[in-house]
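For clarity, chains are labelled A, B, C, D, E and F in written order, and residue numbers in each chain start from 1.
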Amino acid sequence: MAIQSISRCFPVLAFVIAVHPGLAQLNSLTREELIRYTAGNPYERFPDGRPKVPAALLKQLEGLSSEEFLGAGTRGSIHFVNGFQVLTPGRKLIGRAFTLQLMPLRVEVADPSAAAWKEQGNTRPLNHQSAIDLLQPGDVLVVDAGGDVSAGGIIGNNLSYYIWKKTGAGFVIDGAIRDLEDIAPTGMPGYFRAAVPPAIHGLMVTGINVPVRIGKATVMPGDVVFGDREGVNFIPPGQVQGFIDRGTITLIHDEWTRLKFDQGKYVSSDIYGRPRDPELIREYEAYLEQRLSPEAYQAYRKRLAQPPAATPARPQR
Amino acid sequence: MAIQSISRCFPVLAFVIAVHPGLAQLNSLTREELIRYTAGNPYERFPDGRPKVPAALLKQLEGLSSEEFLGAGTRGSIHFVNGFQVLTPGRKLIGRAFTLQLMPLRVEVADPSAAAWKEQGNTRPLNHQSAIDLLQPGDVLVVDAGGDVSAGGIIGNNLSYYIWKKTGAGFVIDGAIRDLEDIAPTGMPGYFRAAVPPAIHGLMVTGINVPVRIGKATVMPGDVVFGDREGVNFIPPGQVQGFIDRGTITLIHDEWTRLKFDQGKYVSSDIYGRPRDPELIREYEAYLEQRLSPEAYQAYRKRLAQPPAATPARPQR
Amino acid sequence: MAIQSISRCFPVLAFVIAVHPGLAQLNSLTREELIRYTAGNPYERFPDGRPKVPAALLKQLEGLSSEEFLGAGTRGSIHFVNGFQVLTPGRKLIGRAFTLQLMPLRVEVADPSAAAWKEQGNTRPLNHQSAIDLLQPGDVLVVDAGGDVSAGGIIGNNLSYYIWKKTGAGFVIDGAIRDLEDIAPTGMPGYFRAAVPPAIHGLMVTGINVPVRIGKATVMPGDVVFGDREGVNFIPPGQVQGFIDRGTITLIHDEWTRLKFDQGKYVSSDIYGRPRDPELIREYEAYLEQRLSPEAYQAYRKRLAQPPAATPARPQR
Amino acid sequence: MAIQSISRCFPVLAFVIAVHPGLAQLNSLTREELIRYTAGNPYERFPDGRPKVPAALLKQLEGLSSEEFLGAGTRGSIHFVNGFQVLTPGRKLIGRAFTLQLMPLRVEVADPSAAAWKEQGNTRPLNHQSAIDLLQPGDVLVVDAGGDVSAGGIIGNNLSYYIWKKTGAGFVIDGAIRDLEDIAPTGMPGYFRAAVPPAIHGLMVTGINVPVRIGKATVMPGDVVFGDREGVNFIPPGQVQGFIDRGTITLIHDEWTRLKFDQGKYVSSDIYGRPRDPELIREYEAYLEQRLSPEAYQAYRKRLAQPPAATPARPQR
Amino acid sequence: MAIQSISRCFPVLAFVIAVHPGLAQLNSLTREELIRYTAGNPYERFPDGRPKVPAALLKQLEGLSSEEFLGAGTRGSIHFVNGFQVLTPGRKLIGRAFTLQLMPLRVEVADPSAAAWKEQGNTRPLNHQSAIDLLQPGDVLVVDAGGDVSAGGIIGNNLSYYIWKKTGAGFVIDGAIRDLEDIAPTGMPGYFRAAVPPAIHGLMVTGINVPVRIGKATVMPGDVVFGDREGVNFIPPGQVQGFIDRGTITLIHDEWTRLKFDQGKYVSSDIYGRPRDPELIREYEAYLEQRLSPEAYQAYRKRLAQPPAATPARPQR
Amino acid sequence: MAIQSISRCFPVLAFVIAVHPGLAQLNSLTREELIRYTAGNPYERFPDGRPKVPAALLKQLEGLSSEEFLGAGTRGSIHFVNGFQVLTPGRKLIGRAFTLQLMPLRVEVADPSAAAWKEQGNTRPLNHQSAIDLLQPGDVLVVDAGGDVSAGGIIGNNLSYYIWKKTGAGFVIDGAIRDLEDIAPTGMPGYFRAAVPPAIHGLMVTGINVPVRIGKATVMPGDVVFGDREGVNFIPPGQVQGFIDRGTITLIHDEWTRLKFDQGKYVSSDIYGRPRDPELIREYEAYLEQRLSPEAYQAYRKRLAQPPAATPARPQR
């Protein structure tokens, strides 16, 4: 019987890809290259080398919002993109980036790519579904279609349903989707540039799990994707824990700030950004210590005492 | 008493218009011309020649979405327009196009037009309300104002209320509306480019029930209008039945696809676009036959067996 | 104890500002100037000269919508702006304008401004929070940032919370906000151009309670702000009462119009804009008289009998 | 021999059109209708009723610019459109409007239109060249393609060469052209929205010499077209003489103004808009009288003495 | 005789303004304030306090281009604006900013402003020409109309002629001009957003020689204006000399770089940004010393030896 | 002596790249891959596998324009992009594509890339100049910066001078340039999105001579670049000869068409698109045969006699 379960078919495909890197798509990274370019990942990896930020860590991100860690204009290597239509405002998109790169079709280029794909033992043709078939729970499909919404909807109601069922996460598509009328009621998170009736056409796959550009962001396979009403952030795995730590402080700070505002006794700058009155400072620190675990508070004080890690204005490379 | 019921006054007006075609508006179609240019209509017609797709057929469209019949980029003569503000996302707009063409006012052109209108026995002045007064149940008011939102709101809370009460359908306005604050809570379907406070000004009526251009669509009087979250489709009467037939198949196909995805055993391309495994194919065909009536299934198989009707890439005319 | 209540600290600041006008910000109005340029205000004033339209009058605006007084394209000095993102569609923004002008930072200009601010006895630095600290109940913060959304979010979750608590009104920001994810659920009214993660940067305060330009509107301190789904109106205090009077007539007129439409006996132009049949006219006038107080109806008839106040097409000044 | 000269073939076609009005294109005007809607034309007409402003009058327009008659914001029925790419800045486009209306192709509508065209005895198919074949010396081809630049270039190097040779005027195309590389060096005047490689496709002819909308202008067949660096004006024939008269005054006024500025003795408002010093006024009037013919000066004084023709703010029609 | 020469009338007006500061326009700076906010100006001043960068220094700017001093992304307080239509590409605009602020007209605000203007002894009404009358040789008229091109052309052929004659510099208008057809052939430098036929309307003067916002730039009265093909820079007087010094070095550096490229022996990074080969470095330094005066070269080496002046990332003020 | 000639240093670098493919940039193609994906190239290749269309063939393209081969909407794999600012309208850009891909900088990704580049023996850092140093005569630098003009000018006056000297061709930059004031007078061909003062910043090299996306075009290394006033075409090497053959026919056809139009005897459709009169057809064919060589004419007739090569509407890959 030809039908295989997902769990059986996937490792086989992954293996094949690992053996013949770079032949079937124009752009590709070997396992070795993927590890090299995501060397800052402190967690385990998928068989193909993609970082696998633990699910438990992803879960902790749910209470945060992007501002809580971005600070005032300092964003390091956390890239942010907006200008999307947001499928379900109020529901955050959190997961690991699985990237797909599409470029305008050139037949004489796509043909050798298709031939190589077949030589690798694949029985289904190479197309955008080839990437969707490889999605794992917790993955976010990130599609670089160069923002072109005239090439039709890259996914519709059926594939978005599959993605939702399979990943529990969602998608970021720098291009169009279709079947918005059917997808909207599902309540899944998704980001896209437009919804149009025609299906995908005139594009070819040029890379799966390669670095892609989405607006002004560079997205690496395995990046943590964090989307809210404003847009989508792509976070290197090595920065996630720090994000959560600082975000937790910010949440408590905002909580305390609002409690003080509720008292109606202060003008805004008595309390926010930070209190200056010594007694208010003491009150805030006590509140913070009580809300954090004692260890977390000590760690926070220690971080503050250190000089900030140098974040030089790097020259263009 | 001067007040006439709508049902009494309309045929009289229609009669007058049929008798003196082309005098009161710059552009107009005689009954003969309207029939000629909508010759593919298989249904009955209004007294002025406009196709009257049966209400029962319109009702069947409610369960469909635009993608279900558009297919992958092939759209024949079904024109689609987007870029509207959608008054009530989630509520479809379905009805027969009643068109109104407006152009920037030129006094020396509008004056003879107004004089001709009066000569025809009309006691109220020729303006955009002249068209609204002619709306019938099931009509969709389609206004070509060239996308100009600086000419004020073509309808406001009172006229939109009248349209909603009278037609039970809604409106498509390639221009602005006003009174959005009052209209939004009604839940009626409507498509427009912007909402602005000023009322309509600086425009003149140049045609009622003539072909109009809405974005990249040509709309004929009597077209079936189908609007959803993505935009608005204009469907020639002769294509509606085929739309419903194919759409029903697609609905069942999607239903089956999702059922298989729910089983969690397949990657997306095992099932979608279509299964390749013989057993899955049999399973799908059986499902389809059972969900369709036997006659519908046979008709569907027969259609598939025929070569597709030639849809040549026509030269520009 | 260093903490002062808002009621205690505000008059002190206001006093200081009144004493040293025009020194701390580049643009400023003395109390005398503010009174001169808002001479049409018939109501009391704040200590700094800003008109204080009575809260009871603001309350009466709630039932109206902008079209009810704007009429067909004649807008006098009531300026309207749109193109905003509306934080809470369906909830009107009503209050008194408190203006803040920001311009791109020039250090050598901002430094003497900061020095002057300090010389005036202010202990907190001059920045956008200086204006927020001065807000009073019923105020709407109106920020002219020239529409620049690349300068970060001028307010975020904490300051918007403060504004909501303090004013009970909301904000109009011709620039960006941040923390949309946290602000959206509050249900407060607000108008802004975009929501972005970074905080405000690269701007300097150039005026507090000075005339500002928001899109194509000039906003004076103390203007009545009226925002709905379409956009925001700025109304000179001297015109508010007339707005309410005419708006009330319009509301009743629309009420009657819909009642007639509900009867299904009329085409739209039998009833709207106004009936022409003598009996219908009588019916409408009786309805209007009954719904208005007798005095209000007499005043309305008297206004109609007068020639309209000349509203000449003024030359550019 | 089958080849006919232009002069022989045109009257035949015109005759055919006059006999079967409104059959071949969706929109059309009979000779009678065209005369009715351009009743203000004081000059002779083409056989099909289109106004024929004398060539000598068109010649007098060459020295003017659009501002010279538009005045400060009062534009009556002279419609102005901008946003074009200007083929040859510095070379004015002056001539009589010959209009062509194109709409997105619907096969089932274009087929009966093509059939009717053939029934009228035409041996070449109905397409955009049908209109170009009818152009006369002094005509400006005005094409309403709804601003759609994705439908390809409506004319290229060959047809623009033909137009230039035949009309000596040029074109206004609310859509795209192609072959810009070849057309640019010819130095002919032309206005278009974009230049793209593909040829025209997906459009159908819906009217020849009917009223068309170009941006926010309504253009009537026979309007005088006047294009300069800023954009294109469409002038009703009945207003051309007045335009020339007022424009001549303005030219002399500007001449005198600059002469005075050259003296370096005045600030701008001593002289412009008009002098206030009695001696300067006398000097100006003397200059004007000397530069105009005595009759023209008397006529000008007489016009000034009359109350201005009422140009009421007309209600929307 | 009522006609006064420009040189006689200007000081009188300036005096009047100095005596009654802030009464006639909504925004205004006293002489004292203008000096305070431009304290970094090392040169003499106009009677009203506006910095007067010497003409000889302005002359030296002619050989430079904006990149020569902007460096790689570090722009300090030199603000740059683009997006203009450039009247005469290839001709630089260099001069001292004379600012004019316009806002949308509100009659009840403009009336007291006009009254105050008259009380000050002005016999001509307050309007945009009031500012133009005050222009001095070397001034650049900088008009903040908020980018609104629907308010008509702020200057036309006559006023632009006056400006060109009087200042020898030109204009920067964040709004529209008119009469482009006449202005273009003059060859004067000018920057504007659009050219439209109607004259200025619906605006009022709210400030003369006050800080204005042009796009993302803050412009102070007396700033040096430097416009080229890319856009317009506004330079604080205190930075001009440094700009010239660094720009001269850059010009020589580019000269040498091209000479080396002309030899065809090097790849680009052998030479540019800077040579690394010791011999090439020596060659370059010798070239630079020879082309600069010895003093200038020593001063340059000394500057390099110093640590760079701190340019901290300043907090928002 | 450390200075090497260009001819000496280039082969060494090329060798190094061929040996360690894919290590230094995120995306890269081995020589083997580059040959595979450009298999249709009938000409010789550069050492790294890039197709090298002969210079003599490039020369023949000079007389053509893009429309001459694109035909009416059928574009095969020849991709066209517009929306650029054209540096020197009227001067064609013709050469072989040398591609450079840039993405927004992520430090933790750029660092391992820089390390690998150094390991390969490169002494200069990896940046955009690394690609410029590799340019050969006849190359066109094609930079994919994702259209981002906020990342500064990728090249300025010095590097553009180098490119012009070295290649004799020019550049296509989907991003910004700087120093437009200096570059414009050189008369070199170039295409770019904007000109801005700041230098390149915040980008990293992610590929040299890899497939890139420029707008809606996919560009392969070695493509023939053909730019004119309308935009830029990218032509697979295997299609260039056919382009020239068909373009030559079109040139002669247009020549003949204009000669006939010059006679003034025909309406446009007598002659264009093609004559229908048998005698005119004979005349045209004779003209064509005489202008082409006899062999070329025979080959052309033979091509016409064959059925067109199938250009199926390919499914999305």
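Quick note on the criterion: contacts are C-beta pairs under 8 Å (C-beta built on N, C-alpha and C of every residue); 3 or more make two chains touch, one makes a residue touch a chain.
Please read all numbers here as calculations on a predicted model, not as lab measurements.
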item	value
Same-residue or different-residue interface between subunit D and subunit F, half as cut-off	different
Between A-B and A-F, the pair joined by more C-beta contacts	A-F
Counterpart interface for D-E, drawn from C-E, A-F or E-F and sharing over half of its contact pairs	E-F
Inter-centroid spacing, subunit F versus subunit B (mean Cα positions, whole Å)	45
Averaged-CA centre spacing for the pair subunit C and subunit B, given as whole angstrom	40
Euclidean distance of C-alpha centroids - subunit B vs subunit D, Å	35
Junction residues of subunit E, two or more chains touched	72, 199-201
Contact footprint of subunit A on subunit F as seen in their complex	22-23, 26-27, 29-30, 33, 36-40, 76-77, 79, 103-110, 112-114, 116, 125-128, 146, 148, 150, 152, 199-207, 210-211, 213, 215-218, 220, 236, 238, 314, 316-317
Touch list for subunit F against partner subunit E, complex	1-6, 9-10, 124, 129-130, 132-133, 152-153, 156-159, 161-162, 165, 178-182, 184-185, 194-201
For the subunit B and subunit A complex, residues of the former touching the latter	65-67, 70-73, 75, 80, 82, 89-90, 92, 228-231, 233, 254, 257-258, 261-262, 264-270, 272, 276-277, 279-280
